[in-house]
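Below are structures written as structure tokens.
Here come two complexes built around chain A, the first alongside chain B, the second alongside chain C.
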Partner chain A sequence: MNDSAVENSKGPQGNAVSAAEKTNLFALIWRLPMLVWQSIFFAIPLLFLVYLSFWLVRNYRMEPGFDPVNWIKMFSKDYFWDAYVYTFGLAFLSTVVASLIAFPCAYALSFKVSETARRWAIFFLIIPFFTSYLVRVYSWQIIIAENGVINAMLSYVGLGPFIMLNTAFGSIVGYLTLTLPLVVILQTFSIASIDRNLIEAAHNLGCGRLRTVFTVIVPLAKIGLIIGALFCFILSFGDFVSPYYLGGSKPPTLSILIIDTTKSGQQWPKAAVVAVTMIVTLLVVAFTSVGLAYRKRT
Partner chain B sequence: MTSERAITWLLRIYIGLIFCFVFAPIAASFVFSFNSDRFPTIPLGDFSLQWYKNIYNDPAIWDALRNSLTTASVVAFVSTFIGFCTAYTDYRYRFFGKNFYLALALLPPTVPLVIFGLAMLAWLSQINMSGRSWSVIIAHVVLCTPFAMAIIRLRLAQMDQSLESAAWNLGASEWRAMREVIIPFTLPAIVSALCLTAAVSFDEFAVAWFVSGLNQTIPVVVLEILQGQVDPRINAIGTFVFLTSMTLVIIAQVLIMSRDKSKEDAG
Partner chain C sequence: MTQALVEFDTVVKRFGSFTAVKELNLEIHKGEFVAIMGPSGCGKTTTLRMLAGLDQPTDGEIRFSGRRMNDVGPSERDTPLVWQTLALFPFLNVVKNVEFGLKMRGMDAPTRHAKAMDWLQRLEIGEFATRDISQLSGGQRQRVALARALVTEPEILLLDEPLSALDAHLVIRMQGVLTRLQRELGITFVYVTHSQSEAFAMADRVVIMSNGLIEQIGTPQEIYREPSSRFVAEFVGRNNIIEGEVTRTAGGKVTINSPVGSCTAALPSQMKVKKGEPLSFVVSADVISLSNTKPKGENIIACELISEEFIGSVATLFVETASGAELKAQIQQRDLTKLDTSPGARIHLSWPSASVHILPQTSNLQGEMT
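Here is the complex of A and B:
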């Protein structure tokens, strides 16, 4: 991009003196801290991880190198592919479930409550997102355990006990704890910003409620729905707490594989292979979803 | 239209159910922290403060708390400072590679924590900085800066753009305009960012677990306790952690909401 052209055409800060927009010491002081910090402690570590996946481990010691042996070994293991398919499937399931559960809630928050109520609802949904996920997962552990709260309640009416802990169901409960508030918030933002006149028009033209939802609201809120789903997928795919403490690590997910491999000594290069595979997967998923979200309707 | 009404109420009840699901674990942790039984279930045992006494008398918890508080405060100040710099840069300047610049600023929260934790551990070991007291601080600043940047950037977007140039035209230097126009205007957002970043750092366990070494923070201790058997002390620690981070997040949000209101009043 030609920055001087942009400056002239728009004059970025209204009538700001254009000389002030030149890169002087003042400008650099504000620009550099993030650039330096996130380069050294975010970009470089991730690039280093890619490099690390080609290192060698000899006699339990890591040696710098450039050998695809870790990749070949990891990709030839059945347990790696089992974990890959399981993790992807579970994260996908969690995304579908979260999106479906969140939609009626976002719809209701957009159309069935006052604006003040909506604002408060979002206020309260933001709180858990920044509140210890780990302890909440532990809490679920004691709620859904075989002799936990839910089964104790069910036993009063003569049901159960149901095995929920250490199953895929447990993992999904944990994923939803992490992602549901965020998905509801993102969906609500996009549904609430739909032009009411369009919905009114659909009703006036005799379009029923459900049909309005599927032919008017879902297409118009598409971007928010897909971005919500994408975040849900990213968070579920990378999380290790739920599949470990609620899913019982049977079978392990990729994130659990990374932890087991890392914590068991000098096998960091192998863990790096798993990590890089996960990043590539997430990039593909992200680009596909963003492409879907912004695709023009034909 | 009674069916319309019924649907409205059904949907409102549905919202209530979602909130129950979201807040159930927090409530459960609170209730069971005062429960005397070793395995938390219903019917409840007696009211008891034993788990609180237990953690109160555990020096390891106090060490971890000290680590957590130090880490969270330092992280809050450093990441809010960097976030402010980035937000101001984005607000005022256009330059070559700005999209790349913004991607670098905003991407960290989208990388799974396990992967970032591993990358951080490997890199910090490589440059001989892992397992130190500031290893966790370094990693948390990376994770928290995007939140600080976003909050402060939103506040700057509400500012009348001619205010700063008016100050220049009246002869103020760039530094003076920064001090007397930009910083006072963004102050609520700065305080909000301090609280939010402190909350994020105070709760973060995955990256901290990878890089903390012996300098464990509270969430890392919780993680290690979790690997053993069911231990009701976690409910007591959890209640304390919930209260701390909820307070911080509520303060952060109230500061943002009140500034929205003042803008509406002015407008």
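Here is the complex of A and C:
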């Protein structure tokens, strides 16, 4: 069998297909749909996006070309960098807040409730995804508006009104609406799979309950915590619904910058510059996080 | 009598409607090597976990040197446990794992590192100090777990089936390591196992548990030769437990009519039996002599050989009497050649009446009750 495989690989005219080649072909067929899908709907558009960023716009008409002018112009504008820093900062803040709120929830779901209760809780955390994110963000408008539900209730006790809509706070509320259930789920899976013996071993070696959380549970759940945070960052960084409807577009985030740029005089190539910058940023963040998550020791 | 290091005073542990431990009374003294042995679910691990404070007694009291420990949390006692799964921290390297307990006690970094290294050297794994746990073999991990537990120099070390995951030859080596450590350090070892060979090889005292109750406490020799109940006799294994009826008592001996035939046994002085009374007795498989021709003496049972089990230097022969009762006998391999051991061969079993152990009569009642 091995001999024939060797002969076939040596002689290109060999008409018998070797077993190894058959397996490869079989595997290839299974992989093919994924490859085709990814190529048509991800790789090719992405390459086109990069190419588009080098096109030119003359008289409100796009002309194919290969000119770095869009990159130079965009990168020399203060408003681009302001938007970049603001978007990054807001997404980072959203990630930190979501992770901090999610951790106690995930901890409780992992250790303090029964298996059945945990399953129900995860089910309820998935339910928000059944409804449109846009609808959920709209309903937040009613709740946090100046004359909205919260301020109406606060006015009864003589407080407020607090301006929450069209602020960074509003954006964060929107981001959390999108990401918090997901972060809780990812953290719960990670914490719940921790070997209980390790936690008891820590107690047994003189490590108190609270200290065990930081010295044992966090390192053991590291992968889930980082992947949860990464998802939160990616979703927040690229989102335009929350900063638009709850953040009031002021200051604009990169996603809003893309919309504005396309609306003003067909500037698709400049919008492509912003989009490519965002993708590169997310790639760097993602690789760094995954690298951190799977690094062997803390 | 000196103050016991550990006292279990009518300790009960219930999990919901399930009672894992029923009225446990046990004293463990300083420097003792105690093995708690029993089948799965007998309550031995729960007992150990209560010692470590990982489970709280539902009822009764656990005392350490006279001090009530019921409400003392696991992290506030010095009762390190060597886990069956070892429970080494995968995110820490070998030496950091060993240092863990010292770090929790607030010892400074250089001192605890030095101490941890000492223990790793002592257990002959110093060279692996900076390795990851995943890079170690089973035996090496075992030593790391031991070092991690012993580094705080506790008065008592708890071990929960620590050798169950190891290969047979490593088990023997680790038994040697454990026994040597225990003698050198003079600390108390409480060792939970289901393995008779581990318990008997290492322990000063063996506690046999079943269904949440202690069946017997004694030296390995006592447990093996004088089981106090049918359960212990069966659990210890390689025993023939024979039930019969007393037909005659005379001169410190009792004659019992049983399915294997009429047998005589030495009657313990404190035991009183009446004619016609039911009585169970144990004939350990290793006190039985075998021959193809009928020997002279007492307790001679003619049998037919059914099969043999041959492990190393000792062989176990399974035989059947004319009435269909099955017996087992152990024989040295070198003696096996003198015997016709073809299946169906006629074999005479015999044993001295002094080697027969009569089970206390109450144990029969207890056996029926549980």
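By our rule, the second predicted complex is superposed on the first by the 259 of 298 C-alpha atoms of A that agree within 3 Å, B and C clash if a C-alpha of one lies under 4 Å from a C-alpha of the other, contacts with A are read in each partner's own complex, and residues count from 1 in each chain.
Assume a contact is a pair of C-beta atoms (placed from the backbone, for glycine too) under 8 Å apart; a residue touches a chain by one contact, two chains touch by 3 or more.
Everything numeric here is computed off the predicted structure, so don't read it as measured data.
By the touch criterion defined above, A:A201 lies against chain C but remains apart from chain B after alignment on the C-alpha atoms of chain A. By the touch criterion stated above, A:F124 is placed in contact with chain B alone, chain C being left untouched. Comparing chain B with chain C, more residues of chain A are touched by B. In the superposition on chain A, A:V85 makes contact with neither chain B nor chain C.
In the superposed pair of complexes, A:V284 makes contact with neither chain B nor chain C. Contacts of A:G238 after superposition: chain B is touched, whereas chain C is not reached. In the superposition on chain A, A:L109 contacts chain B only, with no contact to chain C.
By the document's definition of touching, of the two partners only chain C reaches A:P219; chain B does not.
Residues 209 of chain A contact both chain B in one complex and chain C in the other. Residue ranges of chain A in contact with chain B, taken from their complex: 1, 3, 6-7, 12-17, 20-21, 23, 26-27, 29-35, 37-39, 41-46, 48-49, 52, 101-102, 104-105, 107-109, 112-113, 119, 121, 123-128, 130-143, 145, 147-149, 152-153, 176-177, 180-181, 184, 209, 234-235, 237-241, 245, 255, 258-259, 262, 268, 271-272, 275, 278-279, 282, 286. Within the complex, the chain C residues that touch chain A are 52-54, 73-76, 78-81, 83, 85, 87, 89-93, 100-101, 104-105, 132, 148, 152. Against chain A, the residues of chain B that register as touching in their complex are 7-8, 11-12, 14-15, 18-19, 21-26, 28-29, 32, 39-43, 81-83, 85-86, 88-89, 92-96, 98, 101, 104-105, 107-108, 110-116, 118-124, 126, 138-139, 141-142, 145, 149, 161-162, 164-165, 168, 174-175, 196, 199-200, 203, 205-206, 210, 219, 222-223, 226, 230, 234-235, 237-238, 241-242, 245-246, 248-250, 253, 257.
Residues of chain A touching chain C in their complex: 195, 197-198, 200-209, 211, 216, 219-220, 222, 296-298.
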